[in-house]
Amino acid sequence: MHRAMTGLACLATIFLATASANAQSTVKIGVIMSYSGQFADTGTQISNGMKLYMKEHGDTVAGKKVELMPKDNGGIAPDVAKRLAQEAIVRDKVDMIVGFDLTPNALAAADVSAQAKKFMVNMNAATSIITTKSPYMVRTSFTVPQVNESLGTWAYKSGARKAYTLVSDFSPGHDGEQAFQRAFKEAGGEIIGSARYPVANLDFTAFLQRAKDMSPDVIYIWVPGGPQPAAIGKAVAERGIDLNKTKVVGQGELTFDEALKGMGDAGLGFITAFHYDHNHQSAKNKKFVADYNAEFKRNPDMFSVGGYDGMHVIYEALKKTKGDTDGDALIAAAKGMAWESPRGPMSIDPETRDVVQNIYIRRVEKVGGQLLNVEFDKLDNVKDPFKARMPKQ
Amino acid sequence: MSPVLETRGLDKSFGSLAVARNIGIALPRGVRYALIGPNGAGKTTLINLMTGMLHPDGGQIMLDGEDITALGPEERVRRGLVRTFQINSLFPHLNPLEAVTLTICERERIARTWWRPTSDYRAAIDEAYGILDSLMLGPVCTRETRELPYGQQRLLEIALALATRPKVLLLDEPAAGVPREESSELFTAITSLSQDITVLFIEHDMELVFRLASRIIVMVGGGILLEGTPEEISADPRVREVYLGGAHG
Amino acid sequence: MMTSLLGVLFDGFAYGMLLFLLSVGLSVTLGMMNFVNLAHCTFGMIGGYATVTLMNAWGWPFLATLPVAFIAAAMISVVFERTMFRRLYRASDLDQCLLTIGLVFVSVATAAFIYGTIQQPVQLPGYLRGSVHIGGVTLGVYRVFLIVFALAVSGLLVAALEFTRFGAQVRAAVDNQRMARGLGINVDGAFAITFALGSGLAGLGGALAIDIVGLDPSFALAYLVYVLIVVACGGLGSIGGTFAAAVLLGISDMAGKYYFPAIGSFMIYFVMISLLMWRPSGIFGRR
Amino acid sequence: MTPTDPATAAPAPTAPHPHMAAQVRWRTVEYVFWLATLLPFVVAPDYLALASQIAITALFALSLDLILGYAGIVSLGHAAFFGFGAYAAGLVSKWGWGEPLSGLLIAGLAAGLLGYLMSFVIARFRHLALIMITLGFGLLLLEAANSASGLTGGADGLQGVKMWPVLGLFKFDLYGFTAYWYALIVLFVFFLMARRLINSPFGLSLRGIRENPVRMRAIGAESGPHIRKIYTIAAFMAGVAGAVLTQTTETVSLGVLDFQRSADILVILILGGAGRLYGGLIGAIIYMIARDWFSGVNPQYWYFPIGVLLIAVVLFLPNGMLGGIAQLIDTVRGRRWFGWLTSPPPWLRSGSKP
């Protein structure tokens, strides 16, 4: 994998030198996300997803060779993201910018996309407003309200009346908290308490003890991934929270694979809402998971599928435009595009250019000795509810 | 004539160890005093107390009749009570000219200026060079301090002190570590200082002490044993006893 | 109210123990040789990866991996010490910072290359999971284990320093290096051993930390700040001080999160700043 | 700062005035350096965005050099002022005043004020306590900015920063043309100021504090006011650097206050050589270009070569790039022509050892 990256990068450099000669026959894609630092694994998985798609579908589309130019954003750094986007367009003459693991970075690059009229694919960053910042942007991941409002609605429907929320103290966490609380209250539930934990927090015992002391029907937890979900799972077990009486629910990151491995049986019964899991039952996904494992020796996750579907949008749009990389042409081609993804049916909302997809409700169960997220309910074709509420321009 | 520097009943102890006991001395203007005593007698501690580097547990320090006990070291220096260090305490990467100019700028309170280059202050540089030249440091004044031979560094210690325009100069073993033939030169420089300056120096070489000091203070075990002219001191049996029976020869 | 207080104290204490194991080596080596080793947490990371590798690749039981985590970290640290660090004992501390931060960068990249950027899972044996209830207080079994283990290790450490000849040499070297050299103590040798010991303890801390805080290549950088905070608050070269500071910071961090969740993240910095303003050389610092 | 060879200087009657004046004089190397900063416009017009961020980093490093290299105050929280300036500039623009130059001034003043307040604490501490207190304040400010998401936008970053054209004429363009010359001019202006400052009596006193704070007291100098003053000035400069970043990228996020940024700038300064005025500039150029290059070649593992670079510099070029290279040149030529570059080698043994 490493060698492939290096090789790719070297190739990229060589191509750069001969760029003018080949300009007509290649589509250059600037991939901007964190390959190093705290969020390195996000970048790795997105990039794996993209590479798998290219392996399956060839690196040529509409008669043009597709060439990725990866650029390391190194964490939360919109200034760097903006510079990388500028450089990609000005120096490397890329035809589109894609990737974007983090909201601030995506927002900063969106300015460049709008200014330079370049097609942009947001493959991960999930804050709702991002797609409004550039008319040339589509998103292939999900939005925080899309998942969490679905979860809030579902939680009330399943019988919970009193909820406690615990979220990471930064904007995506606040957004998740707001979305869940809004939907839960609109349905008729009551929020009996809430707390925000520090972003770098790694020991959750104190917070969960506090939540337990208030005896809610449901504890909503928002974590951004990393080592925190496992820590939460362990703390829930340690505090002796009875999952039959108190549901522990959250966005999909709470029960990621690594998290489940780390928390072990403590995670049994956690309920999460999400748009993708490698355990999603469909032929398309089975093949995707198998290929992914063959290629990268691990399971795909939501980052991978964001990258995979992102490449799909790029390939299909290029096919429609017959290789024309003009921003206006590409975005027109992408609007309204619908297809069968490993995550299930999905489409690009022609109005908002945002993702429309099913949101699955899953419970952690033991299947064949392995902890898996098992889907047991779903909400079909969910649009980003935040944008639905926004006044039409 | 009233003393320029006077201490009254200075006490200081670290835990149960009394390092200064009821010290009362009075130095008249222009006199060259030697402070002697065996190792551990509290000589350096006394200098630290007088210059404010240590706070006394009790007693008073008067400079020109004013009580300076509560003042910090910087303020005492500004009022003319200045010391040098037994172990060189210089500015290794400044050259002597810069170091002395720095001292003069601080004294003249122009060290706050950050818009004019130092080279504009010709008077300060001239004065600095004058002081260095008087201590035979003129030819080396643009070499970094750390590159100077040890003897010249000792002289620079004194040059820095002089640049503050002291009334009282407390020299803590100014010739420590300097070969004997050079230390004589060094002390000649000290004795030829302006007669307005009162000098108190710590020194172990008794020959130098008796040759150069006009009065001598003997300290033992944190207290003053006696004070007098060289003749009185050399005649006193207690001093002989301290030095013959003590650690130091 | 009382039980929640007890629970918070207990959890904070356990967290403090973790901080103590990670930090104590740095405190002693910094106090002894004035060597600013920002790569200290790298050794914690090495210990962590040693445990993960043994458990996941070779199926070793968790407890059996702990000595290996200690030894792996200690041995690698000796290699670093002999080949690089010792050249810089007399260099400025800025150069020491630069060298060791360079090492951190290299180690982060190496870990990412070998193990990937993924969060390393570790599955504890059953007897260390779950919780026990004592007088209405819920105590995590792993935390009880952590506390007992760390207390035993610190007991051993203190005993070794107080009652052995080697310990006396180390104490002398921390107190006054020049004097110790004058007395014919092989300060460099004593330092090398202390350094290995301290790094080994960090390795142990890293291995024990996986279950509570996880392990990925950014560990070497992420925990640096906390370790520095503990070392500064404890006072250089003071084992007792490091212990006290680790416990104080662990408990205040936990209590802050429980009682004032809104300002929970400020707590640890706030405590550190107030403590250092009150005692700039740390709780038991001498200088 | 000895421009003349001592061997040749000694026999001639030493002239104190020319010696002092020579320190202020511009050297050929300096003219060359500043002319070279114009090269990107001609040679690498595609790299202007990177060049502008290098200039900003250089200004930030220069501000740290004033307190670390000249006054001996080691700070692990210098990003606090950079970030404060960055947010101040962003907020001024967001609230409807997008004029860059006045925005720069406002941001600088805001950061300077914060620096002035903090300097009262800073001046009382040294060594490890000082380092950790600066680090603590930096992280507190980061947490505060995160909590005050109503004001700062939290982790999403501040939205709605729109700059007007510089002097009403030059828009910040996609190519980074305006951004680079704007950042370069700001850097140059503050460099001139810093250069002036270190050659003044005040600069001399700062070096005295760095070399020997105990002796400063014994010559009747109070270090406190000096430290407060330089800390305020450095905070002002760091704030301006942050503001330039905000203005040229029209974004601000919590990253500007990160511990990582404080640590990076320290690494950059040491890499270039602290206490040398050009150290921070050279460090910024080398580090940023190396980083851009390494991460371009391999976005995942570029930490490795960067780490190797740092280790190599310490082992083979002690005193940073500038110091090490100057020493090498001198060794090769057997003369000390570049003595003025090397002048403060490892002073920290006696100075700010924790």
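For reference, chains read A, B, C and D in written order, and residue numbers begin at 1 within each chain.
One rule holds for everything that comes next: a contact is a pair of C-beta atoms (placed from the backbone, for glycine too) under 8 Å apart; a residue touches a chain by one contact, two chains touch by 3 or more.
In this text the structure is predicted, and so the values were computed from the model without any measurement.
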Pair with more cross-chain C-beta pairs in contact, given B-D and A-C: B-D
State which chain is most central when centres are taken as means of Cα atoms. D
Distance between the CA centroids of chain B and chain D (whole Å) is 40
Can you give the whole-Å distance between the Cα centres of chain A and chain C? 35
As a quick test, compute the distance in whole Å between the mean CA positions of chain A and chain B. 73
Dist(centroid_CA(chain C), centroid_CA(chain D)) in Å evaluates to 33
Which positions in chain D touch two or more other chains at once? 143, 146-147, 300-303, 347
I need the residues of chain A touching at least two other chains; which ones are they? 2, 36, 40, 43-44, 169, 198-199
Residue numbers of chain B (touch at least two other chains): none
What residues of chain A sit close enough to touch chain C in their complex? 2, 36-38, 40-41, 43-44, 169, 195-203, 205-207, 209-210, 213, 226-228, 230-231, 234-235, 237-240, 258-259, 261-262, 264, 266, 298
Please name which positions on chain C make contact with chain D in the complex. 30, 34, 36, 84, 87-88, 90-99, 101-110, 112-113, 117, 225, 228-229, 231-233, 236, 262, 265-266, 269-270, 272-273, 276-277, 280-282, 287
Per the touch rule, the chain D residues reaching chain A in their complex are 46-47, 49-50, 53, 143, 146-147, 149, 153-157, 159, 174-176, 245, 249-256, 258, 260, 295-303
Under the stated contact criterion, what part of chain A meets chain D in this complex? 2, 5-6, 9-10, 13, 35-36, 40, 43-44, 70-72, 74-80, 82-83, 86-87, 89-91, 103-104, 107-108, 111-112, 115-116, 127, 169-172, 174, 198-199
Residues on chain C engaged by chain A in the complex (per definition of touch): 4, 7-8, 11, 15, 109, 112-113, 116-124, 129-131, 133, 138, 140-143, 211-218, 222, 253-255, 257-258, 261-262, 264-265
